[in-house]
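Quick heads-up: structures coming right below.
In the two complexes that follow, subunit A is the common piece, with subunit B as its partner first and subunit C second.
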Partner chain A sequence: MMLNYLAYAVAAWVFLWGLYGIVTSKNLVHQVVCLAIVQTSTYVLLLAIGYKAGGTAPIFADIPVGTVVVDPLVQALMLTDVVVEGTVMALLLSMVVKANEVAGTVDPEELRILMG
Partner chain B sequence: MSITAYIPLPIAIPLIVAAFLAFTGKWVGRRACDTLAIATALGNLCLTIVILHGVWSQPYVYWFGNWWPRPGGIALGICFSIDAIGASLAVLTATLTLAGLVFSWRIFEETENHFQPLMLIFMAAMCGFSYTGDLFNLFVFFELMSVSGFALCGLKTQTPGPLQGAYNFAIVNTVGAFMVVIGVGLLYARTGALNFAQAGRSLGRTPADSLVLLAFLLIAVGYLTKAAIVPFHFWLADAHAVAPSPVCVLFSGVMVELGIYAVARVYWTIFAGSLAPNAGELREILLIMAALCAVVGALMCFAEHHLKRLLAFSTISHAGLMLAGVGLLTSKALGGFVLYVLSHGAIKGGLFLCAGIVIHRLQKIGEDHLHGRGHEMRLTAAVFILGAFGLAGILPFGTLLGESMISDAAKDFPQSWLPYVFVFAEILTAGAVLRACFRIFFGWGDPAPTDESSRIEEGPETTAQHSTTPMTMFLPAAALVLLGIAICAVPQLRTTADSAAQVFVDQPGYAGMVLDNASVAAPAKSPEESLAGSIVRSSIAGLLALALALGSVFRKRFPKLNFTRSLETGSRALRTLHSGHPGDYVAWQSLGTAAIGGLFAWFLR
Partner chain C sequence: MSARTRTTLFLISAAGLAAIFAWGLRDVPPMGDYRGPYGYVLTQVAVYERHATDTVNAINYDYRGFDTLGEEFILFASVLGVLLLFRPAGQKKEDAGKKRVQLEDALPVSDTLRVGMQAMAATMIVFGLYIALHGQLTPGGGFQGGVILATVPLVVYLSGNVKTFEAIVSNPLTTLAECGGAGGYAIIGVLALLAGAHFLTNFVPLGKTGDVFSSGTIAIISVTVGVEVAGGFLVLMQSYLREIIEERLQEER
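Right, the complex of A and B next:
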């Protein structure tokens, strides 16, 4: 019974640690990686939602109709999530590279030009 | 002729043209790129108007690949379910994009920075966002909108300011996007559906348990981050201060509003039935957030001396007012929300374009640097003053209609203090814009105090100093502000907005329309209430804004007006909170989510 909730607990745990990392980060690259960690919590969650005990892959080419399968939809959601967030991470990292070129720092504390 | 054939086009055409321009931009040349992009935006404007006309009296559901649900079955396909409200937001998107692209004809002279393709992608994403009827589709358009927005914001990569603004924008909004994904996942786990109507029907009227509440919390916070509602608003001022002016027009004019629209859409199609027993508490929470946002935004707005940052905080304040329109949870207030969004979008767009003209002519954006230097720009000054009064919502502006519907709706609830929040926000935001105008264009009084933000240099958008304002810059700005007035001239607009909102909030009707191919019952036509109260309120607000602006400009002559000084310096504590550090922003975002979540727990008692 407890095991059913384990995956959800892991997702929440990973999400919160990722947030903690973003909040306390002193390096932009590290901060982007923490954001990626927050993202992995969504994978864990979606996997947990789609998983069915004893289920097999949802490809009905060689298995009889009526076989227990895992939810085919969540993997599509996850794939979309991966693609979309891959773009975001790439864009963020390219901004960090640019910031290092232009401002000569990757510390969010030193990059503060806009404030107040 | 049926509008079916047109529906995918406002998304498909800009994406195709954007891909074409991204690959061939180098060879076809700057002017050809501009022309093609403007033509595409114009085409989108026509298409979205045709679609709005088609769904005016009866919403339309479009199933991609004809995957419509079989009778008695469930929705497996993805649909666009377009009603008058979504369709009019798409029209606003196309209008503002067109204005922004025309304005940019003379800026970025030197760069090959994919500006036009990004603008087109941004427009396509926002049109899709307002049309879609599917939760995950909404998220994908949300992210498409975000990514193109981040790139547009950080376009001028040769200075650190835009990079910091775009980075903060991206971090905070992406955390919000993950919250949306988790919320959607949890809702899918409960209902097995991603279609709004299907998920809503599956939840039914069963009172919400903790899972449903958590899903609603995460989805709402994710979209309210985009909507820049306090305490999720920190990214907005940074992003607006450095984004090119035509991009600010889209950010402030429609992107922020779409965040609030998404909360309204998700609430009324999915959660309304199951949250109905807690509607009173939810209204309380949303209206307190709205009031807090309006007040904080207005105070910060008056304390800013960086023209774009000032306008950005005014957007935050007005986003609070718009959230009040949704947060009252009635159809009448929602109708007011739509009118407010449409007219505010046009007016704020015009103001940002005026700020762009100031940068083009004078190469600076801080109020202290610009003192009296804009005295030749009389026409721009006129548009600027009109826009300021538009923010105050005085008589010939569309914002008045929105304010009157929201304030009228508030009378029926314990939160009848709402009109005062409107007046407060209108005085300070309009006062700040007028003050900046008096100093920059007329050179009245003493120069503005110098503060942190007025020293921000973003790098000019154009190279040399210009002695004239090109028509391609002035006309879009003037046209947008005039559009904010023209909205007021549409006959019976409040009744129409009210009817559209009644269709919007009818959850069983929406589910029947999407899942059973039923038509929506014609809404009851409510008589228009008198505008007298709103006219009085907004005239007082307009006059007080004018007085406040004059008072702060000429305070040396009138010692009694010294209170304007502290108002103009702003609260030190409040300003320190806007620290420019993305970690702090995410901390506030998490704290805000936890606080609202804590209040939601109160529903379960």
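Right, the complex of A and C next:
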């Protein structure tokens, strides 16, 4: 019984560790990576929700329609996100580069003053 | 707020969040017992309705095509954001000649790596195109194929061939691919309107299930997405490359 909820627990675990990293981070690059980890937890959650016992991939190239397959909807949701996450990370990292140029540091503790 | 206070505050709220999460899971069916109707219905009808054997892509580029269009523009906006942040700040033309030398200096490569990576680059181009073009049949599609194609210049860079890497990522075609891919998706949607159907309706003849030229707009949109993703990642590489060069030039001054 417990095992059936293990994947959900893993998702929560990954999410919270990522948040912990963001909160305690001493480096903006590290912080961006932590945000990516938080996002990764949603993949675990989505795939776990869509899983069907004994199901195979929802690709009917070589299996007949009607075979037990896992839910394709959640997979479609996370598939686009994987690529979008990559570019969003690039955007955040470019902000880190600029922050370093302007403030001369990548430690969020020292980035207290907002500069317009 | 000191670091210690913040961590304490976080630990308290994290415990609360974990508790609420566990509480929220009470009514979620255990893993493997999912009975959501939509995914089930789509696996039953997608092959007949859209002649696409990969249900995931049938959802991405057709049933929920409007969502994916939105995702596409998130990607587009982030790439645009990077371009905006890294816009060249009055760079002089004479610097252009200098940068080539500097980049080449930075990369000593062994023979094994050079030959291996060059062989790999060719294979990856073919593989990327294959993945991008067969999204409607087997796992793959524009997102995955585009990313594979975008990594080819990096492999070229690792092989020590900096000139070719630069030529690829600084090519104006990358920007065109980025914009054309994003625009192409929207244009296909509008063409459906002109054909008298709803936005993003699959109005192209569906072809024979299992063929590369099947599933109507799913295959076409998949290709435009591939073009956009590949173009987007190349534009990103180009902006980061330009930023590195500018920084090195500033260090020298």
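Keep this in mind: the second predicted complex is superposed on the first by the 114 of 116 C-alpha atoms of A that agree within 3 Å, B and C clash if a C-alpha of one lies under 4 Å from a C-alpha of the other, contacts with A are read in each partner's own complex, and residues count from 1 in each chain.
Assume a residue touches a chain if its C-beta (ideal position, glycine included) is under 8 Å from a C-beta of that chain, and two chains touch if they have at least 3 such contacts.
Note that this is a predicted model, so its numbers are computed, not measured.
Applying the stated contact rule after C-alpha superposition, one finds that A:91 touches each of subunit B and subunit C.
In the overlay built on the shared chain, the residue A:19 is in contact with subunit B and with subunit C.
Applying the stated contact rule after C-alpha superposition, one finds that A:53 touches subunit C and leaves subunit B untouched. Judged by the touch definition given at the top, the superposed model places A:111 against subunit B, while subunit C stays out of reach. When the two complexes are overlaid on their common chain A, residue A:102 makes contact with subunit B while staying clear of subunit C.
Contacts of A:82 after superposition on the shared chain: subunit C is touched, whereas subunit B is not.
In the superposition on the C-alpha atoms of chain A, the part of subunit A touched by subunit B in one complex and by subunit C in the other spans residues 19, 23-24, 49, 73-74, 80-81, 84, 87-88, 91, 95, 98, 109. Every residue of subunit B that touches subunit A in the complex is listed here, in rising order: 136, 140, 143-144, 146-147, 150-151, 154, 157-161, 163-168, 170-171, 174-175, 177-178, 181-182, 184-186, 188-189, 194, 237-238, 241-242, 451-453, 456, 575-576, 578-584, 586-587, 590. Taken in their complex, subunit A has these residues touching subunit B: 11, 15, 19, 22-25, 28, 31, 35, 38-39, 41-42, 45-46, 49, 73-74, 77, 80-81, 84-85, 87-88, 91-92, 95-96, 98-99, 102-103, 108-109, 111-116. On subunit A, the positions that touch subunit C within their shared complex are 1, 4-8, 12, 16, 19-20, 23-24, 48-54, 57-61, 65-66, 69, 71-76, 79-84, 86-88, 90-91, 94-95, 97-98, 109. In the complex of the two chains, the subunit C residues touching subunit A come out as 3, 6-7, 10, 14, 17-18, 21-22, 25, 28, 30-34, 36, 38-40, 42-44, 46-48, 53-60, 64, 67-68, 71, 74-75, 78-79, 81-82, 85-86, 137-139, 141, 143, 146-147, 210, 229, 232-233, 236, 239-240, 243.
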